[in-house]
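Listed after this line are the structures, all set down as structure tokens.
Heads up, the next two complexes both have subunit A, just with different partners, subunit B and then subunit C.
Here is the complex of A and B:
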């Protein structure tokens, strides 16, 4: 990573924490940066992030993966079925395997048969939901503690890690409420507090993906299959092989995300993915088909969802509104400096409106709490989408020997 | 390319076939027999939720053993629409099932349409009112049962701070919250009550997100709540997990069935103080019995405390200490000295 990029990332992190810190001080709400919140946000971010990462693998190799949700469903089912009988780790294994099978199915349809990738992905989604429902009825109906729509409880669990030597002093520091310092303490403490081992594995997968896809010969070839497969083919790269590997691995990652969900809630239940495969797809686009941005997007989703859920007395909603306003101002200022005057002004005006709302109302109706996360997401997506670039041959079927 | 399209269509058809509702028909038992064929339509995925749908099934299977009726069960599936639900009910009625019982408010529109098409069939709907001469509307005074557990919650709380987790934010669930709040405040007017819904009206995921309910409950516990009541379908599991994680001194209150005795919740048993029961089983049984006896129950059937349609469970002995207060409240409600809010 070059110096300029490092400096830019540091600036982004620094402004993000400053904004959080200002919001926390103004709303007098220590929940915004507490270890509990961060730890929970990471927990919510893991399945979404894994779905997003799964999307990166598939789409970087040029296969649009609408079927993520279905592969995730297969993962939740596999984890419930195997976890109930042989324990949580067996559940992870089965979830991953089932997900990979879903990926393989998409690969066969999209790569070998050249089916329209959106249609093939949709078919995987429908098939996964139907198949798991059917299997749930067959396998779980008469199992003790199970039912037509849910598995019996999963045996055992995946351990949570708390590094007390780091977390405890930082939590104490957070509780002191010092501007900026306490917030950093809370954020860092959250990383070492009640962290699922699966979350650690997810961090590893993100780092590994970043390295493999962008720093190795294998990765270059895989990405070339998504940028210009015909050129790659002419240079002797086995494009079909790379696409198969990528899409199957994509299913595996989505399956892991599904397994995480079932294990976190200790059972498989029909519909417990609740659309996270699609949210993962959105974070992938938000993250510009790169692991860093996708991870950040997933954490943002997790963070906003957490704030909404742990909110008592709607104070977090106020916090979110102020937070959103400040973010809009900062982005607006940045845009103006880079010459995009009209867009920048629009952001500043929107920010002022939100500040006005923040000052005018002490209490927001709960309906605002329900939609606040989506509005914030929309705003961030609207800003981020200015500079997105998907892989050039994403979604284009490839036939060996055919030109383009 | 053609081959590919074929495969995709085969996959799609297979998926549709598999998504279609699963159904089971059990042979009637040997003892009493009856010609009455009962058609039961559950919403979404039906039995196995450890609460509402299982309670309906309990009533059905009691009728099967006691009255010897034949039964058929169908599910609407999670992508059901009014049209698909109506088709399901129509098919049951066409096949001679009478009564046809629809479990859940989501059937309201579909049942109204089906009931006009088959004026000679008795229909029943749980949790909703459909105004037609051949329909029995089985509604429950859920707010009354919730009032009682509210009394228990406030009496058991040491911190003066309790919580409520709702599923979808609709009037049906808000009635649970209203009764709970009123009951709790009757014991301790200054009690703090946190409330959180898992999804807005129309958001079907609200019933299937235990991990979110867990986060919300944990948030309430962090803020000082020590008793939490969930009326959130499958999401309620998350509340039990959060309460168990918080450890002794924290209590969970279940809903619909006596969740203390639900096998899939056995792990959390020791933390389930009581449950606000909604006797869907009684109601379903009464409807079937009405048809068997030739006196079908139609019109609005309000199952309240007085009719034993709602109540609170006492299977965990920890609730004994608060029984006197709850029973007194129950008596007052029955006598009409207390009116419980529904919103």
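Here is the complex of A and C:
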């Protein structure tokens, strides 16, 4: 079974690179697979991925965490405030702490008081935005370089890592523009080029989550709280404890994501999260409540975001459209082969429409790229929802001794 | 520990909840290595007692002694430490976990920081082999059937080293051959020296497996019977449970009239894969007739009912009062005068989070007294709900409480009351008295008998064979979606009917 899984992963990666490569060749746009793009995409993926990972922790323990956005906001504020006074690392610490406090608040409301989890999460979101706006006015208005809606600059920064021995030759290879090989070179080079230390930490958190939740006793018990808390309770598992730990740690991760945003833009600014907490939730669902898929989803979102932002001469958006069309064809073909004819046909038709658009128009409004991730998410959910398996007791309040 | 000590001894256990005394002065002695059955009606206090013994609730008064030592349980883990294991009536399993994960949860073997899956698998396999409980440790529970799930539950408690097993209504969800398998397992466990507490209200099963039986009535122990020394019949046991003579579902006299109310020809229902679940059956019911369908659950009964109500796709022709209703919607079928008591009341008959009077309107929202033209008639519905509560003896503080606040039996009485209102011509009823206590059962039977005399046609499905034989004018036996035999309710015995249901024997027509 593991070999099958590995083979499937390999096939998916192989197809993805091939599609990227074809698109690059057709649009003559080497940016699509350059080390610079990939490096930036990873940077954009970090906050989204952390939000998604935060969602996994909370929802695996059975608490729907719609308050991720608010916890991220708290993280951005904590990082801005502490970073301004004591430097970037202090900012990370404060962001993490503030996020964890947001998580703890949700835990108290949802677990101890049994408040509807969607409402409790929404309350955390509203509270976080209001509180940080207020504190920003109080703390930053008269500070040098600060304002009513933003903090003074954060002192220092988090170091970036570039492994020149690996990155440089690969970048040279990428610039040669050989089909497939150069693209692989660019993708790999991106992993060793201007990589933030926080990205490395994030990667470690993903791997660690995989291990802790699926290979340890702690993880099994935490997940049992999300699958059947009554069963866990009947076996002497302290369900409430695990739920509290999970939701608080979830807030901590979201706070780290927020801190990353502030540090990357060197200040705290109102509204800097721009809905990334919600996108994180979408990647979590996309990833079937598992770290691997969630990470992949975050990278996809990050990649599309990057292409939109570094776009020159509207090339990238066109590239994205072709890329999307090819992806649709591949998924469509796969669906047809597995017997889902009608869905497969729908994908192929949608792909053809996009190819038509690609050939007909030279210019696309950049908003097209902005909505692309959401359309992708909708498509994924529409086709994969049959196979998605959320924790069985996700969102269900638990009261000790009550049975179900 | 003392070898000759009783495995379990409860003395003077009291447990009060706000407004209810669940247990009063319970006394119970269980010898080690025996199967001890606890029987009693619904709501007699059996479940509370077991929760106390398993540490899920604390008694207000009384003492618990396990193997001769006094114990106080703060939580199930204390009970588990004392060697007690519980197999819940509703399985406590996580569907998305593997069998192995479900079994080890809460007492996981570790190797360093990691879970030790290999040790766990070996341990489970050896316990399974010793006790004849075959399972695949790596299967996903979601893919397994009820029999397997029950074995997992038993393995779960054995894995924790339990020597005293509490089984809460273990046969409620099993089909007959699974019950036999379970009983074989229990005999094996007994041979290994394990003490088993078996909670049930199915008396024939209790008599088949138990060494000793304790009867609980209205929260207190009213007596114990040693089945080796005393010969006791199911009827005597039932009368101990109820405390009075039992009512019988007997119908008297022939009320069948000429008029055919329901006529079904060539009805078939197919599963998603194309397999016929209901396979080309035809029957008719006359006014004043009760047609009973006997069969092991899962042989197409539910699908026949759903097809007649227009809830599933089906082929065939259904005439109601001479009119072809094959293509009518469920609502118009109801409006024509068909009442429906479904199998699963939570899924098909109630909105648990709505008040009783809203539930009164459910399925009858277009009919008097619930609607006036385009608008709902809420005061009419409330008034009529009061009537149902009165006539059907629904025990509720008010008609504004949520349906979920009622006990299962009272919910059932409300449903029966609702479906019998507006004088339907046909009642399609599945297990009309399932989960209700003996008194209410008799009342529901009375209502059915009276309606039958007034000309109601009834299609009756019931797992209670005494009820089926007692009420029905005609019985048809359903096996794999087809009628395989007819039985005459005047002469057939439950045993004969039971045999016919498995396809093994013939019954007298």
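FYI, the second predicted complex is superposed on the first by the 380 of 404 C-alpha atoms of A that agree within 3 Å, B and C clash if a C-alpha of one lies under 4 Å from a C-alpha of the other, contacts with A are read in each partner's own complex, and residues count from 1 in each chain.
Just so we're on the same page, a contact is a pair of C-beta atoms (placed from the backbone, for glycine too) under 8 Å apart; a residue touches a chain by one contact, two chains touch by 3 or more.
Just so it is clear, the model here is predicted, and its values are computed rather than measured.
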Checklist entry - Given the superposition on subunit A, are subunit B and subunit C in a clash or a fit? => result fit
Next on the checklist: Per the contact definition in the header, classify A:126: touching subunit B only (first), subunit C only (second), both, or neither.
Outcome noted: first
Next on the checklist: One more residue to check, A:356. First (subunit B), second (subunit C), both or neither?
Outcome noted: neither
Next on the checklist: One more residue to check, A:391. First (subunit B), second (subunit C), both or neither?
Outcome noted: second
Checklist entry - Which partner, once the models are overlaid, touches more of subunit A's residues, subunit C or subunit B? => result B
Checklist entry - Looking at the overlay, what does A:153 touch: subunit B (first), subunit C (second), both, or neither? => result first
Checklist entry - Draw lines from the C-alpha centre of subunit A to the C-alpha centres of subunit B and subunit C: what angle do they form, to the nearest 10°? => result 130
Next on the checklist: A:292 in the overlay: touching subunit B, subunit C, both, or neither? Say first, second, both or neither.
Outcome noted: neither
Next on the checklist: A:234 in the overlay: touching subunit B, subunit C, both, or neither? Say first, second, both or neither.
Outcome noted: second
Checklist entry - For A:269, is the partner it touches subunit B (first), subunit C (second), both, or none of the two (neither)? => result first
Next on the checklist: Between subunit B and subunit C, once the two complexes are placed on the common chain, what is the minimum CA to CA distance in Å?
Outcome noted: 15
Checklist entry - Taking the contacts subunit A makes with subunit B in one complex and with subunit C in the other, which residues are shared? => result none
Next on the checklist: Which stretch or stretches of subunit A touch subunit B in the complex?
Outcome noted: 31, 36, 40, 43-44, 109, 113-116, 119-120, 122-124, 126-127, 129-131, 133-134, 137, 140-141, 144-150, 152-153, 261, 264-267, 269-272, 274-275, 305-306, 309-313, 366-367, 370
Next on the checklist: Touching residues of subunit B toward subunit A in the complex: what are they?
Outcome noted: 1, 3-5, 7-8, 11-12, 14-19, 22, 44-50, 54, 75, 77-78, 169, 194, 196-197, 199-200, 204-205, 208-212, 214-216, 218-220, 222-223, 234, 237-238, 241, 263-264, 266-267
Checklist entry - Which of the residues in subunit C end up touching subunit A in this complex? => result 56-57, 75-77, 80, 86, 88, 90, 92-97, 101-102, 104-108, 110, 113-115, 156
Checklist outcome for this item: Within their complex, subunit A touches subunit C through residues 215-217, 220-221, 223-224, 227-228, 230-237, 389, 391-392, 401, 403-404
